[in-house]
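Here come two complexes built around subunit A, the first alongside subunit B, the second alongside subunit C.
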Partner chain A sequence: MQQQINREPALASKPRNRLANSQHLAPYLFVLPFIISFLLFFAYPLINAIIMSFQSVLPGEVTFVGLDNYRELWNTDFADALYNSSRYTLFTLLLLIPIPLLLAVMLNSKKMPFSNFFRSTLFIPALTSVVVAGVVFRMIFGELDGALMNSFLHLFGISSQRWLYSSELSMFALLVLASWRWIGINILYFLSALQNIPSDLYEAADIDGAGTRTKFMKITVPLLKPITVYVLTISIYGGYAMFTESYMLWAGKPSPQNIGLTIVGYIYQQGFQYFNLGFGSAIGVTLLGITLAVSMLQLILTGMFKKEE
Partner chain B sequence: MKKQGLVTLAAMMALSMGLSGCGGAGNNTKNATGSAPVKTDNAQAESTTNAGGSAKAEKLVFWTFVDAHQKFMESMADSWNQSHPDKQIELEGTTIPYDDMHTKLLIALQSGVGAPDLVDIEQSKFPNFMKGTPQLVSLNDILEPELGNIVKSRVEIYSKDSTYYGIDYHVGATVMYYNKELMDQAGLNADDIKTWTDFETAGKTMLEKTGKPMITFEGNGNWSWWPAISQQGSDQVDKDGNATVDTPVNVQTMQFFQKLVKEGVAAVAPGAGHDTEEYFGYMDSESAASVFMPFWFMGRFTDHMPDLKGKMIIRPMPAWTEGGNRSAGMGGTATSITNQAKNPELLKEFLSYAKLSKEGNIQIWKQLGFDPIRTDVWNDPAMKESNKYTDYFGTDIFDTLLSVKDEIAPVNIREISPKVFDAIRNEAIPMIFIDMADPAVVLKKVQDSLK
Partner chain C sequence: METVQRKKFTAASWLLLVLFAILAVLMLFPLYALFLASLKPASELFRYGLNVRLDFDVMSLDNYRSIFTGKGEAGHYFEWYSNSVIITVLFTLLSLLFSSMVGYGLGMYRFKGRNLIFTLVLIVMMIPVEIILLPLYKLTVSLKLINTVWGIILPFMVAPLPIFFFRQFALGLPKDFMDAGRIDGCTEFGIFFRIMVPLMAPAYGAITILQAMNSWNNFLWPLIVLRTTDKFTLPIGLASFVTPLGSNYEALIAGAVLAILPILILFLFFQRYFIEGLTVGGVKG
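What follows is the complex of A and B.
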C-alpha cells in the first residue's frame, strides 16, 4: 500500500491511468454489475414487453397490431381479475398493517412473556414455500365435513361450507393464507422501527402522566409513519402481484367463475395457457400502470413527497 | 503497478458480471435444455447396451410431464438399442411439472433455442402449438402406413392442414366403473343397464336400497359432460373451429344430468372433480356406486383407491338410444418431434417403434395401463396377462373395450378449444352442478361469450 502511494505522483501524468484510478469513476465501476444486470434482466424485458403488447406473437409470425391488445382488455375476465386483485389488496392492507403493528408493540414490550418464542413462531410462516402453504390451505378449506375449517364450524353448530366455490368464502380463505404468511414479516419491519424510537420520549410521557393508549397514539404511531408507509407500499405491490396463493388454492386449475382469478393469474392464463403473448404483455403493462398509479396516490396522500419540515 | 490495478479492476468486474448477469444466462440455457438429472439407473442401462453397439449413440432429449411416460420411453430406448446396434440412441428423459413443461416448450419454440428433440404435449394444450407456423415436425411418413391399424381420431386431433404432428399414447375410451359390491347390495346387475334411462331407474333403486348416489359428476371439470355429448355425435367445438356449446343435444344432456343430481341419483364429486384427493377418499369409502371416466382413470383406482380392489368392474357406458354409441375417446397426450431436433429421421424411426409398433403398443398397456391406439393388439393374449390392473378389475377389461371399439366418435380439437374448455370448466359446470342454474341459460351465455 505504501509503495502504491509513493508511486502515485510519477504515474499521475498518464491520462489513461488517471482515469482508471479516478475517484469519480470508481463508484460507477462498482455499481456497474448492478446496472448491467438491471439493464439485462429488468429494463430489456420491460421494454420488450411494452413492444410485445402492440404485437400479435405467434410461432414464426410476429405482426404489429396497434392498440388491438389493449382494446381486448375491455372484457369481463379482466374486470373480474381487476376486481379480485383490488379487493384482495384492500383487505390485506386493512389486515396486514394494524395487526402486525399491534403485535409488534406487544412483542416489544418488556412485560410480554416468551416474546422471543412468539417472535419466531409468528415469523416461521414467512419461511414456508407458498406452494406448500397453498396445498395445506387447500386441505384446510376442503368441502368435506372432515376438513379443518368445516370441523371448526361444526363446533358452533354451523354446517359445512364449500369454501372454494363462493366468491366471499374463497376471498376469506385467501386472506387467512395471506395473514398467516405475511404477518410475521410486517411484525419484523415494525419491531425494527420500534426499537429506533428513543426510550426517553416514553419516559418524558410517563412523567407527564400519559397512559399507555396516549403514548401509543401520540408517540408510537406518528414515529412509525415512515415504516408504515413503506409497509403500505410493499403491501399494495404484493396484493396486486398475488398469483401463487390463488393458483395453489385451486390446484393449478382455473377457479370456478373466476372467483380466484387475479391480474397476474390472467397474464399467466392468456400468455402461457392460451399462448397469447402479445395480449399477456398488454395486461402486464396495464398492471404496471395500475400499481404505479395506486402507489403514487398513496404516497401523495400520506405526504411522502412533501419536504420535511 | 497502475496497470496491475487496472487488470485487478477488470478481473473484479468480469467476476461480478459473471456472478450476476452471465451466471443467470447460463442457468437459463441449462434449464431450457433439460436441467433435471438423467436417471442414473437408466444411464447405466444405456451404457451397457451401448457397449455392444458399434455406432456412437445419438443423444436425444425427451421432455414429459408424467414420470411413467419417461420410464416407458426409457424402456423403449433400451429395447431399441438392443435391436438396432447400428443406430444407438441415448435418451435423456426429463419429467417437468405439467404447466411448467408446456410453458417452457412454448418459450423454447417461440425463441428458437432450447427445445427438446422429443416432447409430450397434452391434448388441451396442443392447439397452442398449432398456432402460426407449427414448430413441430410432420409425422405423415411414419403415420400414413399405419392409419388402417390405429384409431385414426387419435392422431387427427394432433393435425393441421392434413399434416400430423403428434401420436397419442392411448384411445382414452370412456367406460363405466361400477362398484359391484354396492350393485349387488341394491340387487342390480350392471349388464342389464343398456341405456341412460335404464341407468336412471337403477339409480333410483340404488338410492332407495342403500341411500347412496348411483354416480358422481364433476363439479368443475369436463369429464362428465363431454363424453356424454360425444357419445351422441356432438361436441363443444365443430370441425371448422367454432364453439358449439349450446346445441340442443348439449343442453338436453346437461338438463338430464342436472335432473339426476336433483333426484339424488347423482352427486357432485367432492372436491368438484374426479381427480381430487377428496373424491378419492369419498369413492374409496364406497360412497357412490359408479363413475364414468376415460380408460386412463384405471390408474387412479389402483393408486389412490386401494380399498376398492376386486370390487370394481368395467362396463360400457349406457347408450342414449338403443344401439347408440357406448363410449367416447377422451383426453390424451401426444408425443411430437420439435423442429429443433438434430436428427429428425432417426427420431421418427424411434417414435414409430415406441408408439406405433405392436410391441410398443403392448408395452403401453403393460407399463402404463392405457388402451393403446393400435386396436389389433387389443385381443392379443398379452392383454390378459396378470398385472396390477387385471388384479384390480379382473381379466375382462379388453373384452369390454373390444365391444365398444367402433363406437368411439372423434372429437374436434381446434385453436379455440383451450378457451372453450376453460369456459365450460369454470363457468358452465359449476353454475349448473353447484349453483343449480338452468343449463339452457348457462350454456347460451357461455356460447355468447365465446363468439
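What follows is the complex of A and C.
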C-alpha cells in the first residue's frame, strides 16, 4: 500500500506513461492491429468489391453500369466454373470426410500397431506446396504411355488415357491430388477429437454388450459431430476457393473446354489476364453469396443454430 | 486387462498393419517418383513420362548442378529461395506478435466492443480471401506495395485463425498474475511481454509452424503481387518453370525437391508442433 502511494506522483508527472498504463485503454491497444488490418485489408476491399461489381473499371475510366456485370455472368464460362467448383467441392466432401474418419478410428484403435508412425507418414504430403504437388501430379497424369497412371492402367490391359483432356478424367486427377494432400490432415482433426472422447463411455457400452458397429454409430459418430462440422466447413471453403491445383495441372494455360476452370480461376482470368476488374468483382461477390448460402444451409442442417453457445 | 490386449498381436492388428502399410506407400509414392525424376535427364521424362524405372546409367546429379551453377532462368533459384526465407521469417514473426497481442486482449480483458471484435475475427475466418482479391490488388497498387515483400506480408499478417487460437489459450491464463504484475508496477504491456508471453510458449510453437508453412507454400497472393523474376518466391518461381513447352524440367524437378526439403526436415524434428499447429482450429472450436 505504502509503495503504491509513493508511486502515484511519479506517474502523474508522466501523463503519456499513465495513458499506456491505463487498464481501460490497454485492451484497445492490444486489439488495435486487428482493427486496423480489418478496416484496411478486409472491410474496405469487401465494400469496394461490391461497388466495383456495379462498375466498368478501365484504366483511368470508371463508369457505373448497374447490373450489367451480373447479367454478363449468364454465360457458359461462368456456368462451367460454377459447375466445376461445385462438383469438386461435393466430391471432396464425399471422399475427405468419411474416409479420414474411418482411418482415424482405426489409427486410434488399441489393436493398431505403429499408430504414430503411420500418422506422420500420411501427413507428409500436406507439407508440400500445391505448386510442387501440382508439378508431380501433372507428370503422373501425363499422356505418355510410360507415365505413372497410364503404366498402371496397362497392368489391367487398359490403354493410355489423355487425362487432362476430358472433364471426368481431369476431375478424377484433381480429386486424387486433393485426397493425397488432405487425407492426413483430416485424419489428424478426427484423431485429436477421438482422443478427447472419455474411454469410460466405451467401457459402459462394453458392459451393455454393444458391438463395435453400435459403439461407432452411437458413441463415436455423435461425439465427433463438432469436429465433423468444422472439417465440413473448411472443406466447403477450400473446395470453392480451389485454384492453384487446376492452375498447376494445366500449366497456367486455359484448360481445354474449360474442364479445369474454377470460380477463383475465373476471377483470376478476368481480373488479371483480361483486366476486367468490374466483372471479376461481380464473380467475387457471387462467390461470396454462394459460400454464405452454403454455410447457412450447412449450419441449419447440422443444427448449430439450435445450440446456444 | 488393457495391457494384455495391447501386447496381443491379433489378426485385426495384422489386417490394420497391411492396410496402413499400403496406404503409406501410396502416399509416399509421388514424392519418391519426384525424387527419382530429379536424378534423370529431361529427355528421359519427355520420352517416357514420370516413371519409377531405376536406371543407374542415366541417373546423375546434373539437374541439381544446373540449379547451383545457375544456367539460364535457373540462375534465379537461390534468389527465390532467399526471398521465400525472408518473407516466411518476417511474416511469421509479425504474425506471432500481432495475433498474440490481439488474442490476449480479447481473452484477458473485459471491455466494450469485445464481442463485436471477436465476431469480426470469426467473419474474416469464414469468408474466403479470394472474394476480395481484385480490390485488394487495387489497394496494394495504390499503396505502392506491388512487387514488394511488404505487399505480400501486410494484408495477411494479422490472421484470424492465430488470433482465435491465442484467444482460446489466453482464456486459460491465470488472471492473478495480471494483478500481481500491476502491484509490482508493471505496465499492461509489461505484464503481457514479461509474464504472459512466456506462459503462452506452447501456443507460439504451434502458430509458428502453422504460419511458417502457410507462408512458405503460399501461392495465389504472391502470384498477383510479384512482377519481376528477381522478386519471385519459390512457389512462384517454380510455377514459372511449368510452361506448356516444358523447357526447363531439369531445374523444375530438382528445384521442387529442394523446396520441400526444409519443411520436411523441420517436420521430422518438430512433428508434435506441426500436428498441434494444424489442429489448432479444430480441437477447441
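Note that in this section the second predicted complex is superposed on the first by the 278 of 309 C-alpha atoms of A that agree within 3 Å, B and C clash if a C-alpha of one lies under 4 Å from a C-alpha of the other, contacts with A are read in each partner's own complex, and residues count from 1 in each chain.
The rule is simple: contacts are C-beta pairs under 8 Å (C-beta built on N, C-alpha and C of every residue); 3 or more make two chains touch, one makes a residue touch a chain.
Here the structure is a predicted model, which means the values were calculated and not measured.
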item: Touching partner for A:35 - first (subunit B), second (subunit C), both, neither; value: second
item: First, second, both or neither for A:277, with subunit B first and subunit C second; value: both
item: First (subunit B), second (subunit C), both or neither touched by A:61; value: first
item: First (subunit B), second (subunit C), both or neither touched by A:128; value: second
item: Touching partner for A:184 - first (subunit B), second (subunit C), both, neither; value: second
item: When both partners are placed on the shared chain, which of subunit B and subunit C touches more of subunit A; value: C
item: Partner chain(s) touched by A:113 [first = subunit B, second = subunit C, both, neither]; value: second
item: Touched partner set for A:142, first subunit B, second subunit C, both or neither; value: both
item: Touching partner for A:218 - first (subunit B), second (subunit C), both, neither; value: neither
item: Touching partner for A:257 - first (subunit B), second (subunit C), both, neither; value: first
item: Common interface residues of subunit A - those touching subunit B in one complex and subunit C in the other; value: 4, 7, 17, 20-21, 29, 33-34, 36-37, 40-41, 139, 142-144, 251-253, 272, 277
item: Footprint of subunit A on subunit C - complex, ascending; value: 2, 5-6, 9-10, 12-13, 16-17, 19-20, 23-24, 27-28, 30-31, 33-34, 37, 45, 47-52, 98, 101-102, 104-106, 108-109, 111, 114, 117, 120-121, 124, 126-139, 154-158, 163, 182-183, 185, 187-189, 192, 213, 216-217, 219-220, 224, 234-235, 238-239, 242-244, 252-253, 256, 259-260, 263-264, 267, 271, 274-275, 278-279, 281-283, 285
item: Complex contacts: residues of subunit A adjacent to subunit B; value: 3-4, 7, 11, 14, 17, 20-21, 29, 32-34, 36-37, 40-41, 57-61, 76, 139, 142-144, 162, 165, 251-258, 269, 272-275, 277
item: Complex contacts: residues of subunit B adjacent to subunit A; value: 1-3, 5-6, 9, 13, 16-17, 19-21, 24, 98-99, 102-103, 106, 109-110, 125, 128-129, 131-135, 219-220, 270-273, 276-278, 281-282, 418-419, 422, 425-427, 430-431, 434, 449
item: Interfacial residue positions of subunit A with respect to subunit C in the complex; value: 4, 7, 17, 20-24, 26-31, 33-38, 40-42, 44-46, 48-49, 52, 103, 106-107, 109-114, 118-140, 142-148, 150-151, 180, 183-185, 188-189, 192-193, 196, 226-227, 230-231, 233-234, 237, 240-241, 243-244, 247-248, 251-253, 264, 267-268, 271-272, 277, 280-281, 284-285, 287-288, 291, 295
